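Just passing along the structure, written as structure tokens.
The first chain written gets the first letter, and so on, giving A, B, C and D; residue counts start at 1 in each chain.
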Amino acid sequence: MKAIRDPVHNIILFDKAEEKVLLDLIDTREFQRLRRIRQLGFSSFTYPGAEHTRFIHSIGVAHLTKRFIEKISYVKADRCFAKDLIDRKLLIVASALLHDIGHGPFSHALEHITHIPHEEWTKKIIKGKTEVNQVLTAHGINPHDVAEMIQRTHHLKAAVKILSSQLDADRMDYLLRDSKMTGAGYGSFDLEWILNVLRIGKINEDIEIGLDREKGQSIAEDFVMARYYMYINVYFHKTTKSAELMANKIFQRALELHKEQQNILPEGLNLVLSDGISDHTLNKYLELTDDTFWHYIYLWQQNDDPILKNLCKRIITRKLYKAVTQKVDPFELVEKANRVADKTGIPQSYLILRDEASTSSYKDPYLLEPKIDEQQTEKEASEQIFLFDRKGKAQELSDISDVIRQIRNKKIHIERLFVPEEYKKEIFGGDV
Amino acid sequence: MKAIRDPVHNIILFDKAEEKVLLDLIDTREFQRLRRIRQLGFSSFTYPGAEHTRFIHSIGVAHLTKRFIEKISYVKADRCFAKDLIDRKLLIVASALLHDIGHGPFSHALEHITHIPHEEWTKKIIKGKTEVNQVLTAHGINPHDVAEMIQRTHHLKAAVKILSSQLDADRMDYLLRDSKMTGAGYGSFDLEWILNVLRIGKINEDIEIGLDREKGQSIAEDFVMARYYMYINVYFHKTTKSAELMANKIFQRALELHKEQQNILPEGLNLVLSDGISDHTLNKYLELTDDTFWHYIYLWQQNDDPILKNLCKRIITRKLYKAVTQKVDPFELVEKANRVADKTGIPQSYLILRDEASTSSYKDPYLLEPKIDEQQTEKEASEQIFLFDRKGKAQELSDISDVIRQIRNKKIHIERLFVPEEYKKEIFGGDV
Amino acid sequence: MKAIRDPVHNIILFDKAEEKVLLDLIDTREFQRLRRIRQLGFSSFTYPGAEHTRFIHSIGVAHLTKRFIEKISYVKADRCFAKDLIDRKLLIVASALLHDIGHGPFSHALEHITHIPHEEWTKKIIKGKTEVNQVLTAHGINPHDVAEMIQRTHHLKAAVKILSSQLDADRMDYLLRDSKMTGAGYGSFDLEWILNVLRIGKINEDIEIGLDREKGQSIAEDFVMARYYMYINVYFHKTTKSAELMANKIFQRALELHKEQQNILPEGLNLVLSDGISDHTLNKYLELTDDTFWHYIYLWQQNDDPILKNLCKRIITRKLYKAVTQKVDPFELVEKANRVADKTGIPQSYLILRDEASTSSYKDPYLLEPKIDEQQTEKEASEQIFLFDRKGKAQELSDISDVIRQIRNKKIHIERLFVPEEYKKEIFGGDV
Amino acid sequence: MKAIRDPVHNIILFDKAEEKVLLDLIDTREFQRLRRIRQLGFSSFTYPGAEHTRFIHSIGVAHLTKRFIEKISYVKADRCFAKDLIDRKLLIVASALLHDIGHGPFSHALEHITHIPHEEWTKKIIKGKTEVNQVLTAHGINPHDVAEMIQRTHHLKAAVKILSSQLDADRMDYLLRDSKMTGAGYGSFDLEWILNVLRIGKINEDIEIGLDREKGQSIAEDFVMARYYMYINVYFHKTTKSAELMANKIFQRALELHKEQQNILPEGLNLVLSDGISDHTLNKYLELTDDTFWHYIYLWQQNDDPILKNLCKRIITRKLYKAVTQKVDPFELVEKANRVADKTGIPQSYLILRDEASTSSYKDPYLLEPKIDEQQTEKEASEQIFLFDRKGKAQELSDISDVIRQIRNKKIHIERLFVPEEYKKEIFGGDV
């Protein structure tokens, strides 16, 4: 038994023989790299304890996925439906372990300028010439199955549900972990009780994961509410958002300068920008970590470009743009902003930053405004939380819970502008 | 009130008016930099949750120092002795906040090659041309007082004791924090009870901090034992030690190559090496963070030097040297090691790494073998834990506790060799 | 300092000099009696850890009330409003300590047969010839003020609010305590954050307690939700309710037998039944504890009356009546129940027990259906949770929170019948 | 699955089919009775949260015993030794559940006057005409095996060790539970890590339970230390001891009066005193609970005997005798005590109570002075904590741990006198 100690799950065990594939995956270069990428990006500017990495989160998700499967296979009435889960346990847990493997540092800033979603890198890492791919193959797991699991296209619907849905191992780990590490208590919920009331059953023709209706409705509501409060108070915290937007602008500016032949970008990023996603660039992409980006931000404090230099200096010393929540007259705003931009030489797009929830790494169809998009609705449907009654009949949580219906009908909507503190008054007036 | 949420202390409050100096210190460039330096260095290789920084630890120590002073000033019988503490509270808490300000990234590796202890940088940052110095002065705190507090030379002995002794706010924060973040339960102890039984009194002519004898002996013992177990199981964990030693070797090698004119070191480090400690180099030193070093380790994976390249590749993918605990015949060892060194071209000093407890960042005269050094003994005396009886008479903990005397008399002694796994058998034989 | 250790609040401190009145109140015969009365009555039949007493709960409420007042007086902007709270702190905390002093054992069963609400006993204990009354008077606290505080008629509205409202120290203690002791996690919430965002302000002409709107809405919602889940899952748990209803029936039966001159009731209860509330009967009332009632239930196992005997045997061995949640045709039910009653000789009123939420000790206008009663509505108004914005303007929680409005508009409504397991099928059919 | 929520272990599960014997045992009259007997007797006078019962503790021990066996059977290397444990799991867990079944209320006071150890009642309940006996037999478990398990005479040494030794499920549950319920943090230890490092192996010819030496020495020490601190600070707390001694005296006095034909004892106790242990008296013994004794103590407040009356009034209002720790001249003490006895009419044996550790319910050969008794030494040997190295070789903890050897060599020795506060000065002088 390999024991990994964890502030959230305490002891995480992997069997050195039976689960060797998991231990070997953890030992790959691609997975070890997740040690150097923070789970919550810039949240540590707001909650300084939140320095935890995607490495430990990924291990936590694998651990929880195992516990899900073990629990489900333990309930006698459910065993018939759980057979596939039990048979394919290693595939499912390996997929859980790898679900975030493609994330880069400063994920959203990076996607913003490369136009390559992290999901593409995940697919590439699993299917490409990587240690991960070799380990999977060597242990008889088909990397394509893993990719399908993560992309939600695998035919084993119940497994997909455990990996990615409204009630999945991913959300459970990140809520508990983010809640504990930030110190903001909102995200905590009674994990053991959720596991205790887990059920599996048939809905129409699909095998689905859910909770026992009688014993699980309160905890299901509590779980959705926990997420809701984490969004409002942690993930969308204005200080964190300000830093995220500033990072976006730093990379946007660096890219502009780069296009002017200044060649200031890290080598790996440079290559990805020119050549896109490929075996060749993957290798370089895998060398990009939070460290590299912070190193460059430190360097760029000396850059000749005043805009880049200023943004970097500000983020390093935490002189973040301030949020304005007040409603403003757009005509007046533009006029005043133009005036300040003229005076300072800072282009307006670097002077006033606009928060769009869609830039968030935390996407949640229960809580957030969806893009108007049919596929989204369908995806949402496949991610719902079901509650099974004693006879195995299922109902969707928001059909029976007024509280959840309320939350769903009034999705989180955020509109915020950010501006350097020194120009706040001039642009927005005195009382903001 | 500024509220900082913390996984260890929950809510840390600073008064925006009365404690503005503390908030201003936190906002300095020098202090913000601690966000980018991990508290436990390489422990996250062993305990992947342990990514917490010196930033949050320093704030935690300031918070605990405040609680110490408030508690002491609350006990009526003790108030007469506590007057100075109360009067100089901001000075003391500011000193607590700044006690680790000079730490660099990979502190011990760095000190090893620059020969400048981090305490020197601390002094420099407090007294030199820095934002910290400006903030202190602007708020009427003499930076020299702060430096003396931290160096333990300040005449306010009781304050020095709170900052740095066997029973100080520093140790209390790091034990609780390291214990929580690693997930290894050993370091936890009943902080609230320690605070509840805190006492202040006179011993000979000095005012000293201690605990109530009747109510505090068990907790005092428990606290020393907690430290003891953290040393054995966390701070001196063989995996962590292996990574630390490898990092030392990486920088030693880079320095050797640097001396051969290869100029591969980060600019800041380069300058410090050539010019030593000065206002000029301080500025560069302050740009060195964990990020920079990890960035270089990533770069050096491509270095032409096979030794440097190999060490960097290994540490990045966590292929760490393995510990050998077995006693070996030194003559035989040298012979075999030479043979492997000849064969592989790896110099012996890079093939077998030797663990010396003295390289540890955690120094603790109660637990560790002291260097034979008179000053040490004196320092130790001034760091003891006292227990006050009802009449205010004090006794030293190890004079009344058999358990602690036992621990003290048998200090932790560690002797370990580390070697790449692939040569372990060849050098040390089959059964290690 | 007197330190009391508590599983919920850890260390509770009272100053031996300044708060002597509190320590003296705790030492009275009337308060010590609360050691022998369980907080949650029959909940330990469902949650066997829940054996905590009204004694520790009352101390917890006093402790929290102190923390409320201290916190409020700490916020500079609020200090002007907090003056009265600070000046009358001992009165308010003493009132908190005594708020449950009149509770008897098996409170609801007892009230049911004596027709004397526990609030009347509370008033009597505070104003009558008791040690509590003497202690208050001796320390210069007017017992009438205490009684008015507890009855919510005292002119110090903000204090009344802290003691008894939707957001009071009582609810906070019992949620945390009941949650911890039952092991059902629902009731936990972030107490420290609530305290951190406490505010005081003026609404119309009254000084009111509330929370900071920006930082407090999430926690306010979370707190109301925690209560909601505790009601559904703990306080109204069917097993607990069954035992409560059975205890009611035991005392109802004993009373019937008593009226037939059998004189089987405990002496104190006997006297209260004949003479009502008076100085004379108070003395006897104060000797009634959970112990006495359980002792009699043990004795009554040997009673000649088969109904009493059977109920006592059942409750002692936890052969509780079973809940029926199914809707039934009342005509059919009556017919079948009559048939079983005829056959067994058990009168129908002892055969089928009816659950009415109104018998609950936990009354909560936010969550429960109020009796149709104008005063209730008024009382509710005075118990609301307010959120203050930066300018001190207040809004009621359910005016700004959709979730809470949802909860309030659909109050908990419970309708359950309970029947001995052996007759369940015969009366209600096979499928219940 | 039957789920029981518990403040210590969170969710305790029993399989409704496979573990029906356990659920049936819990439902017996004899086991349900443990709900009415507190685990810590009079500790709630010192720690008012400590109201937990032998009922929940017994369930906790059964749960831990299951976890022990499951963990051991999980370690591949150990499986060969664990076969018997796995095969006889239900027998072992049932024995764990029943290990305290014979305890009466106020156990030590009761044993003191009846001269029947609770172990005798345990044997009687298991082997006699009881529901427990019927349930065991009905499920194919031989009650004699259960009795032998509990008496430590069963040939399955490893099982006996899990039930009763220095490192048993009983101690683990009560340390965690008592620590949590009292709020005194000393007893907490890392249960999950102990379970993780559990081992089984052969020592001489016996199969023994132990811990992994490399990973388990720190936790083993920590566990013994936790017990040590609980003894000093909780179990032997002077306030608790005073109440225990007073209860002893109350029953001693009642017995004296009873012998003078006053017939004031509870019926069940009366019968046990006259007829000893038998099927007939067992039935009455099983009706004695904490409730009955407290009920009688309330009644005896009105007794004509001034000594009995006074002791009862005192304990009910917590006017406990005060401890004297000071060394006194026995000749002087006797003289003064006689004088006060003459003056007050209180016989000396009721005036000064003597604390003997041997009256404690917590016996612990590692920590307490043994009676000089050969059998004791032998028993101690069979209860030791073993640490297994990689090759399966075992060493006893105190052979390799200096700390533990230190603790063992200086066993806890307590000598205290207790006296009513009002006579303390007169008998012991001013300065105690």
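We take it that a contact is a pair of C-beta atoms (placed from the backbone, for glycine too) under 8 Å apart; a residue touches a chain by one contact, two chains touch by 3 or more.
Chain-to-protein mapping (UniProt): A, B, C, D = Metal dependent phosphohydrolase.
Quantities reported herein were computed from a predicted structural model and do not represent experimental measurements.
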Path length in the contact graph (chain A to chain C, fewest steps): 1
Centroid comparison with chain C (C-alpha atoms), farthest chain: B
B-C compared against C-D, more contacting pairs: C-D
Interchain centroid distance [CA atoms averaged], chain B/chain C, Å: 51
Where chain C and chain D are represented by their mean Cα positions, the distance between them in whole Å: 33
Per-residue multi-chain contacts in chain D, two or more chains: 10-11, 193
Complex contacts: residues of chain B adjacent to chain A: 4-8, 10-11, 27-29, 32-33, 35-36, 38, 44, 47-49, 51-53, 55-56, 59, 180-184, 287, 289-292, 294-295, 298, 301, 316-318
In the complex with chain D, residue positions of chain A that touch it: 1, 3, 10-11, 13, 17, 74-76, 192-193, 196
Of chain C, residues touching chain A in the complex: 185-186, 188-190, 193, 218, 221-222, 225, 229, 232-233, 402-403, 406-407, 410
